[in-house]
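Chain naming follows the written order as A, B, C and D, and within any one chain the residues start at number 1.
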Amino acid sequence: MSFLRRIIPPQGFRISSRPFKSFKLPGESLDESTSPSLIHGIHVFYCPDEVGIVAKLSECIASRGGNILSADVFVPENKNVFYSRSEFVFDPAKWLQGQMEEDFLKISRMFNAISSVVRVPSLDPKHKIAILASKQDHCLVDLLHGWQDGRLPVQITSVISNHDRPLNTHVNRFLERHGIPYHCLRTTRTDKREKEILDLVEDTDFLVLARYMQILSGNFLRSYGKDIINIHHGLLPSFKGGHPAKQAFDAGVKLIGATSHFVTEELDAGPIIEQMVERVSHRDNLQTFVQKSMDLEKQCLSKAIKSYCELRVLPYEDKKTVFC
Amino acid sequence: MSFLRRIIPPQGFRISSRPFKSFKLPGESLDESTSPSLIHGIHVFYCPDEVGIVAKLSECIASRGGNILSADVFVPENKNVFYSRSEFVFDPAKWLQGQMEEDFLKISRMFNAISSVVRVPSLDPKHKIAILASKQDHCLVDLLHGWQDGRLPVQITSVISNHDRPLNTHVNRFLERHGIPYHCLRTTRTDKREKEILDLVEDTDFLVLARYMQILSGNFLRSYGKDIINIHHGLLPSFKGGHPAKQAFDAGVKLIGATSHFVTEELDAGPIIEQMVERVSHRDNLQTFVQKSMDLEKQCLSKAIKSYCELRVLPYEDKKTVFC
Amino acid sequence: MSFLRRIIPPQGFRISSRPFKSFKLPGESLDESTSPSLIHGIHVFYCPDEVGIVAKLSECIASRGGNILSADVFVPENKNVFYSRSEFVFDPAKWLQGQMEEDFLKISRMFNAISSVVRVPSLDPKHKIAILASKQDHCLVDLLHGWQDGRLPVQITSVISNHDRPLNTHVNRFLERHGIPYHCLRTTRTDKREKEILDLVEDTDFLVLARYMQILSGNFLRSYGKDIINIHHGLLPSFKGGHPAKQAFDAGVKLIGATSHFVTEELDAGPIIEQMVERVSHRDNLQTFVQKSMDLEKQCLSKAIKSYCELRVLPYEDKKTVFC
Amino acid sequence: MSFLRRIIPPQGFRISSRPFKSFKLPGESLDESTSPSLIHGIHVFYCPDEVGIVAKLSECIASRGGNILSADVFVPENKNVFYSRSEFVFDPAKWLQGQMEEDFLKISRMFNAISSVVRVPSLDPKHKIAILASKQDHCLVDLLHGWQDGRLPVQITSVISNHDRPLNTHVNRFLERHGIPYHCLRTTRTDKREKEILDLVEDTDFLVLARYMQILSGNFLRSYGKDIINIHHGLLPSFKGGHPAKQAFDAGVKLIGATSHFVTEELDAGPIIEQMVERVSHRDNLQTFVQKSMDLEKQCLSKAIKSYCELRVLPYEDKKTVFC
């Protein structure tokens, strides 16, 4: 199965039928906001390229009284594919949810879209994620804090770990206090507990591997079928596999980094979403390499997840991502 | 007069009537390019915001067989202005120059555009600039080398300096060899030679102050009427005025920078185009502050000019710039 | 009183007389460590410059069987001052605490040291700090988490806020769980509660203003007499005072930053310890400016405190700091 | 032969016996300098670690009336090696050249130094280098300009290229005007012209490969016996070998870089001296990847050479470098 099956499916997220509330969204001005009946929408579109796509998309939005606030269009040279990501405001009383879905679907068919997704942050449910972690929990903790602060716009359905945490740890208490189920599924060389994990994560929109040290099988990837974001504690494609900080340390590099990417069958080789670096020198020892690496991992993973939730991450060819 | 008078005038650059040649443009793939009859165009548009602008612009391009390759749309919150910058390919045999101008002019009127500019890099003449310099010539030299390498897509009509360079310097020989007129206009406290400068730079598209140490009067700015890009050797708005490296050194900052910006009547306060920083520490003395600053100035000015030539720099409110 | 009175006093920290334990220190290799009877020491020295200081200091360490692992010496040009920071290992059974203090004191007198401080991280108590905060608690929360993770090598004696936090907030529960006293001292225009604060922070080594929005009077600074580290949410010397993110936003800068510095009588003008920047563009609105700024503040303040605890921050002239 | 033989030989540079002149050195204050009879010296020392080295070195300098301005000492954990780099001022009338050599030699023997080098920039001749280039000459041109500006403190004995440049190119005219011999030694699959190159570069202190596309044999490396600095247009250890920009482009990375390193028998694997990165995104095509890469290569190579000339680059284990 090609990687493309793992992107946000063309049918998008179900726009809930509950009455809308115009929330103050990240990015909205702190002074007087847009008219209270206008809310934000994000639309991403990905199809074979041809003349007239932008025209049709923008006409559609305009015809419903929507106003485009920002748009990114990307047509890579000689690849015959078209990507766009638009942000617009509209009056949900005038452009009803069902109608919006239908309008974009019509354009999807017109252009044989590979993907067409619309998201209305103030109406749609947050992305549901499960976080997988192992012994090193700095990324997990950072995500939990970010979620608590409202900086990470997700709903955490569960935390799954293959490492036992004593009951009185900060993480355990946090999860308990916030009612987030915690599952310890110890793995062995022969048993990766993948079936149980699949059951636990069925009702998620994507998965986050927060320094989860087990390799998910191709079977798992196909069965889960949705996107999985991983953080690799090295600057890919350097230092794949284990102990990248030590590999980097031994290699005498002057820059270390972290990479967040989509998980594919090939280890540490999926499309890269975000990378961050920091300088090191002879004065850094292995421990400070690791510490700097941990800080980069937290920032890099966090940013990747936010970009993904904002529909800024689309796959492009085998290895690349667009709009991020 | 508001700053806006200094942006690229709505009528844009005259698309020459010479037969087109489809050149290989920066940004084009190194493998097989687009069909030889297709060439690139860039269109920037700036008008009061309303529904339907993107639709009209993209329909226009599509109706002429043009294909949008990339687009940036920006509608700042609550400001009621609209900016777009589109790159597209088209067949100049099908969409003639005159027709293109007329088409975009029609949309300009429709939306009361403040500015609408189209540029076809392979057909239009390069931007004509004059460079003003003083004693410190590192920026001037860097621009000349960049121009020679083809990295700076401009035509240099003249170099004007208020500092005498001995005849056998590298700069003088370079200018002589390349047939670029060099004018030494010594200034005094009371005589800035502005009238002579104005005469010399009349036939330019914009000016570049490459560490030109004289302050141009409001009169000059109004008379010249076109954009002037300056490089300030400090991270504005810190350290305006003279000796910013020394000001920074004395202030004990850990980061120094350079800023390129448009020149307005207020010293070092025009809209910022680009800024770059570098770290300093107690181990830097004034001399290394200055050296690092010089390197930043060269990179920052060079980048600002390139962005400007690619129509990536539009004014936004008094102080800001868009798309860069 | 000159700023110099606020640096680490010449007598340094009392090396406790409790039996030492050779802990695994940050920076120690993860493989087999140095001989178990050797522990780390840090010595900083600051005196008028003359020939022979490094020789005397290193002889002293060598004569006691100590081995210098790293050293930084800095003698700014034409200033006639000498700074050094050395890290060494020694056998505390051979170089007893009392002897060490005496040895360094002797050299201090020999060279009329302005400051001479030795610190043995595995023996000496952690720095005791009080954290002052206001309504914006992102920095406070980040410091608490850093402390909990062991990344911030301090002992928090209390948290003082001029803003009331409801009892069931994350911060309150955290402080309660960890037994850290929390004091809410509401301030008014006329009453800054400084006397009460002074009483509460008497037994601290330095103070941290984590976005504490009250200006401490000169009186307070003199009475407290020790160092106070502040985080300013702007890239000083730009944007002093209030709402620097908004100031930066309006100024149209392309880089925003945060600055941690020592507090002096002049607002936002004390010696700078650390600065960090991030890029912004027209696509950032005030809210994302603020969000990026908040992330920088957390990192910048955290780093400044760590550097300070590692004796990497010494004052140099009025405005500068050394070794950081 | 181990890599260590390629470092600056223990006997250092012959301090010439010509009368000294106290020049204004980079790094000296622009205001009143140190006493006109004092000049700068740099000493680097590398030996097996033991107690007392810093003491002996600094005593030595002090005993001759020298004053240490800055010092870096580095003793990596558990490696039993010692590195130091000191900058000091001294009166050459009081500490004669011959005496200085003898003094440092004595300490070298005392500690079985692997390397001990002293350099007096105002007296010693500049490092003599030959630059090898191929078709891509952006690095070569940048080095020549840097040399011309005085930013690159070397003497260029010759430029050797395996690619023919027409007689009227900028490079050729430049070399001719400055009297720098230019040798075109075309290479083939079977003939790398190494013997001729060795003859041409015999009288150099080190070599610079400025995008020289031929692989130098182990034989050449051993015969030349001195250091060779290379610039690799990729962020090692990623993308070794050819076309790293294209490799990076295809890999979908978000950061590209350049690496300057010492040449060893293993391709692109010698100790790294400096690395620099820049961000890329989907909006970059192969051409802009290459352009950004070229800019990084120029800066990175230039910085590496400067650091090397300032004795800031010492080998540490197989892969690392110290003090840079």
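We take it that contacts are C-beta pairs under 8 Å (C-beta built on N, C-alpha and C of every residue); 3 or more make two chains touch, one makes a residue touch a chain.
None of these values were measured; they are calculated from a predicted model.
Peer 1: Between subunit A and subunit B, which partner chains are common?
Peer 2: In this structure, the chains that contact subunit B and also subunit A are C, D.
Peer 1: Report back the single chain whose CA centre is most distant from the CA centre of subunit C.
Peer 2: Chain B.
Peer 1: Between B-D and A-D, which chain pair shares more contacting C-beta pairs?
Peer 2: Looking at B-D and A-D side by side, A-D shows more C-beta contacts.
Peer 1: What's the distance between the Cα centroids of subunit B and subunit D, rounded to whole Å?
Peer 2: Between these chains, centre-to-centre, one finds 37 Å.
Peer 1: If you average the CA atoms of subunit A and of subunit D, how far apart do the two points sit, in angstrom?
Peer 2: 44
Peer 1: Hey, what residues on subunit B touch two or more of the other chains?
Peer 2: Each of 28-29, 70, 74, 77, 283, 285 in subunit B touches at least two other chains.
Peer 1: For subunit B, which residues count as touching subunit A in their complex?
Peer 2: Residues of subunit B touching subunit A: 28-29, 31-34, 49-55, 58-59, 61-62, 65-75, 77-78, 84, 86.
Peer 1: Under the stated contact criterion, what part of subunit C meets subunit A in this complex?
Peer 2: Against subunit A, the touching part of subunit C is residues 26-30, 70, 138, 141, 145, 148-149, 151, 170, 283, 285-288, 291.
Peer 1: List the residues on subunit A that touch subunit D in their complex, please.
Peer 2: Residues in contact with subunit D: 74, 76-77, 235-239, 250-255, 257, 271-272, 274-275, 277, 281-283, 285, 316-324.
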